[in-house]
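Below is a structure I'd like to ask you about.
The letters A, B, C, D and E name the chains in turn, as written, and every chain counts its residues from 1.
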């Protein structure tokens, strides 16, 4: 039975040594799985590319610079919101209030500028401050009262929605009024061309937000701590991380990003509309999930949700251009979520 | 230093022995906390009683047998749905699709009875079967593809909503039509008096569903396994539980309960309305959470969500009777969620 | 030659009113050989999805767009983009704000619809109107424009001082028992009615935002044993609603004509595509009134109405 | 107990050529295993040698990619731990596999609950809680490991040692053919470890064979009849503790020395 | 190293009358503790005696309800593990406290990351990853515990022993005043345990005192200068391993015998 000569080198790590036995040939499917397992961020990218190609084939006009840049414009707001959502999800939380915060802040920025005559830059700063404050409220409930984030933000969602209706009196501030009195509020809706494609500054904002978050998460100590807290809060605390402080900072930063998204949304909508973006919560969560960030925290690349938001945008736009009925768009979106995450799961399977 | 004689009895459990030193006097607040810690189901009951008293004081007409029985009628459907939701949450899942399933099943029951002339009892059975099938779909996605329940049901929610609109063509089946052709569908809306209070059979259904679940969860092996799977699926699997089978059964039972809720909802609404109960998902989750079931699974009493649903009903009714504006009702609901769960958390604090 | 393309964008795909409107447009478009794409918001008030749909329509190179705006002010910018791209934009059912932001508006006057049922209710109650106890069953806490127009129109028609005509609930007339949101469906209507009945069991007049809410309110009244003493008025004129008028569930409803709006809209687009003619507004109005009729079998003097029979022949859905 | 005789008889539980790969790691690489009736077999080896993987394979917790398992000479294949349990193989896993929020008695009977006699049990699946509690209490007292006052106490309120005791008691109570213990004393103190060793000897005296995985050489040499040395995912050899010293065993298991002339 | 002299000098780290209650359980009941410069102090005791609780209190992981902790004679109070670390007290907890999804190097520097020199580091908080990786690799090689090829590998892909190695290396690398090890060898094999013991002796030879909690008496008696025996939530006594046998220690710690004449 002792066919194999045991290895005399004691230092050698058994797992490594055992691993070297693993030379069974792989089927092509397994190779793909392995490649994607090594580069998990590629999964949403591939889904994105495939869906762009698919819709390019079935939907007329889909594959034009105009339409593709339109998709970017359309996802800019939800994409920015998805950046905020990602941060919270990375800490194993979920933020159901992002959409309500965004709309409420846009109303505040608009009201202050138009009705109260406060200089626009100051109104914007106050708006961002309110965003930070909403984040601080969520963060305080999560860290001080130890409420689960789902419940905290379910509660604050209702609260911010009510405040939004109250503050706005459910009235839209018209585009013309903004043009006349506070054009800066519409800044992120302004267009510029970039080699045939027409983009808005809102798109640029989204990209910058993700780039900054990428830097912060991968290149600074804060980012490593966010991952550690999301991964295993108890271990992080014992390893000397002030987990409450990290969580608090995450919620506040997410709140500020919601504030930026609010500003961007004014440019996108063209007016201050208190009833817009009702679905932004769920859309941001969908983008995060399709982007491969684990709802259990600590795992996933921040660039995933950017791709996730684009996938959702491509799907919506493609289905619309293909003339699919609203009802079947809903139907298809349901399957998109399931299939995208199932693919992701399949690729991650071999790691467990 | 050796003032205390060490205990010579080796058998004695050190933790117990050390525990016996604990004789420091307790402040009254701590006593309350301890009492509630021992009987955690009492927490929602106390919140319920307090809110009934509070609204009795501020809202005219609130404190009548008539109004209290009306609240019961109002919560019957969402309460039944909360029973389904509780089961899923006990397994550390969440079911965002319950509301959509319920409305879809009610449409199917109505369509089959009225448009296809299928005998009503058979239409009802088919409806319950469809409920079971939706549960089986959710369960299969969760157990076979290992998708997180949140995502699975986010997807199927969209799908069932689309199917609901498709099947119903968004058309309501009128109350009079049902009275003429399928009165059985409205059975759970029928009233009877019970000592001054007027109740519907829908209320009875809700109570029976909770009673049966209580029995199944506490008195049968299945129930113990549901808790074990929710508590720690890996340990449960190693302890010889077929976790996938348990999860599947939970989703299917939840689906059937959604079917019962669908039948009950026809009685409540009086007609078959594909657009009703849009908010039922979130309301059922709110009831479950306020009822003290942990979103992390495996903890909490099944009777909690019944109380939780009543609390939400009392709040809605009380705020309306107190003449609070719709907007501030939303606001108050937000705080209700946060405060109710914060109290729960405070009571559980000493256990960790 | 490529077929003419057109879009229809409705508020939601849930409400049968808009579903019928879409069906009317689809039928007409088929008849005229127009390729029609249809979009809808996810709920009433979902502006963002409508905006995206506008943009997709522009990208698809359509000739004309029919839209029932969720946010009448906010959509103006997208409408302008479309018009700049040479597209004919027609508002259906709900005018834009300002109304001339669209090339044309084919609408029911929702305020007028409210006034009609208000006036009918006042006439029906006669002197008792002074003792009316009124329940107002609105749409949602976000109070979209249709909610405001119908609510305030009803109060005006009934003869109540509405104060700010853009705000629900700022009235101080003691006859109003309260306002509750219904989400425009049966369950919401029932809950809201139950709440208001408890506040004041003497309610004798119920305004409802639409007929599903009215049906729900009726269920509530029935459970209180009060259905005989209370008059329900509503707006929409869908077939189930008119049936309910016939059955005595609803006293009167203001009927609108979504199919007509939609087919007129498609015809206008066809004409525009052919030779660039733009639709004209009705005499003396800044929009094309597609008409609203009060449907009741208990006509009241001074308020024009049609019979339930007629209502049924023209109902939708 | 005559060990030589035991080795001569047919193995009760055996495995040949088990292979299990996790992605790039091969946890078991053609591993063999033999357990004879009535013996205590210790399994020792480095961290990551694949001991737990071997145990999981023969207890149904993982399915090997290749290889064959025989019980009483008959090939078996366990799709789940439940199936192994139904064949009388009871395992205490390294992670204990207890449900923290459930009671001691619930945990002991997990997956094999006792129903009420009569209609209630048969038709309504009603559990016989008093019987289960009484049995659980008896088993724990037999073990003598602890003085648990409340059998309905959630397991999470027990100390680490008490928990390990519950897991061991569960296995000892229900294991009718084989009991497998994966590092049952790792978290235990001196006194508690002693109790577990006594329990092991006690179970063997009832004729039930035991597989004991441990890093604790004195324990292993104290109780084992044979020692299975695992290395690099396979069985390197089996030694008799009476013929080899602890340092021999350590040398073999770390690869410092080759076990000349001993069959794997 | 002359142990008598050590005992004479002032304790580096000491605690008096520490009390910690968890609901009804008193985990520490007026516990005392003394660690002298340059010594290896073993802490032994039954499961649940309160050893980990004591260690958590002096490392800032839990805040005692009563009592006093002194470092170099100065009263200190650590609100978090971070504060203890900043004072040079480094701890390997029983649970290791590693973040599974993060890399070895991320884990080693968790909470004390190195920034780039210059503007990038100062203004943009940019991490100096090459420096961190190089340092982590050096420390792991010094430990000699493993041949880790990729310092950027997530910790969850390591075996249990390798993980414990990372945790020990982290403590050894940064502990400038005191290193506390709570059962560092529980999950380790014979060979790996040996390495950790060597490391402990090595650290002491650098003059840094060590607190070692272990249930393994041979290990304790091999390396400890003094043995702190914990029982029922408090220090029962401190013994000199050269003057007492293992069975004395076990007898004291289980309460079978009273440690006559030895001061707690």
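The criterion applied here is as follows: a contact is a pair of C-beta atoms (placed from the backbone, for glycine too) under 8 Å apart; a residue touches a chain by one contact, two chains touch by 3 or more.
Source: prediction; values computed, not measured.
Centroid analysis (C-alpha atoms only) places D farthest from chain A.
With chains reduced to the mean position of their C-alpha atoms, the one farthest from chain B is E. One simple way to say how far apart two chains are is to compare their mean CA positions; for chain C and chain D this gives 73 Å.
Note on chain placement: the centre of chain A and the centre of chain C lie 37 Å apart, centres being C-alpha means. We define each chain's centre as the mean of its Cα atoms; on that basis chain B and chain D are separated by 41 Å. Across the assembly, chain C contributes residues 13, 43, 141 that each touch 2 or more other chains. Across the assembly, chain E contributes 46-49, 159, 162, 191, 254 as residues in contact with two or more other chains.
Counting partners per residue, chain A has 10, 13-15, 161-162, 165, 327 as the residues that reach two or more other chains. Residues 13, 35, 37-40, 42-43, 45-49, 51-53, 55-56, 59-61, 70-74, 76-78, 97, 141-144, 166-167 of chain C are the ones that touch chain A when the two sit in their complex. By the touch rule above, chain A contacts chain B in their complex via residues 141, 145-148, 150-152, 154-163, 165-166, 282, 285-286, 289, 295, 327-328, 330-331, 333-338, 341-342, 345-346, 349. On the side of chain D, the complex with chain B involves touching residues 61, 80-82, 85, 91, 93, 95-102, 106-107, 110-113, 115, 124-127, 144, 146-149, 159, 162, 191.
Contacts from chain D toward chain E in the complex involve residues 45-49, 159-162, 186-193, 215-218, 250, 253-254.
Of all residues in chain A, only 60-61, 64, 66-67, 70, 73-74, 77, 161-162, 165, 169-176, 268-280, 316-317, 320-321, 323, 325-327 touch chain C in the complex they form.
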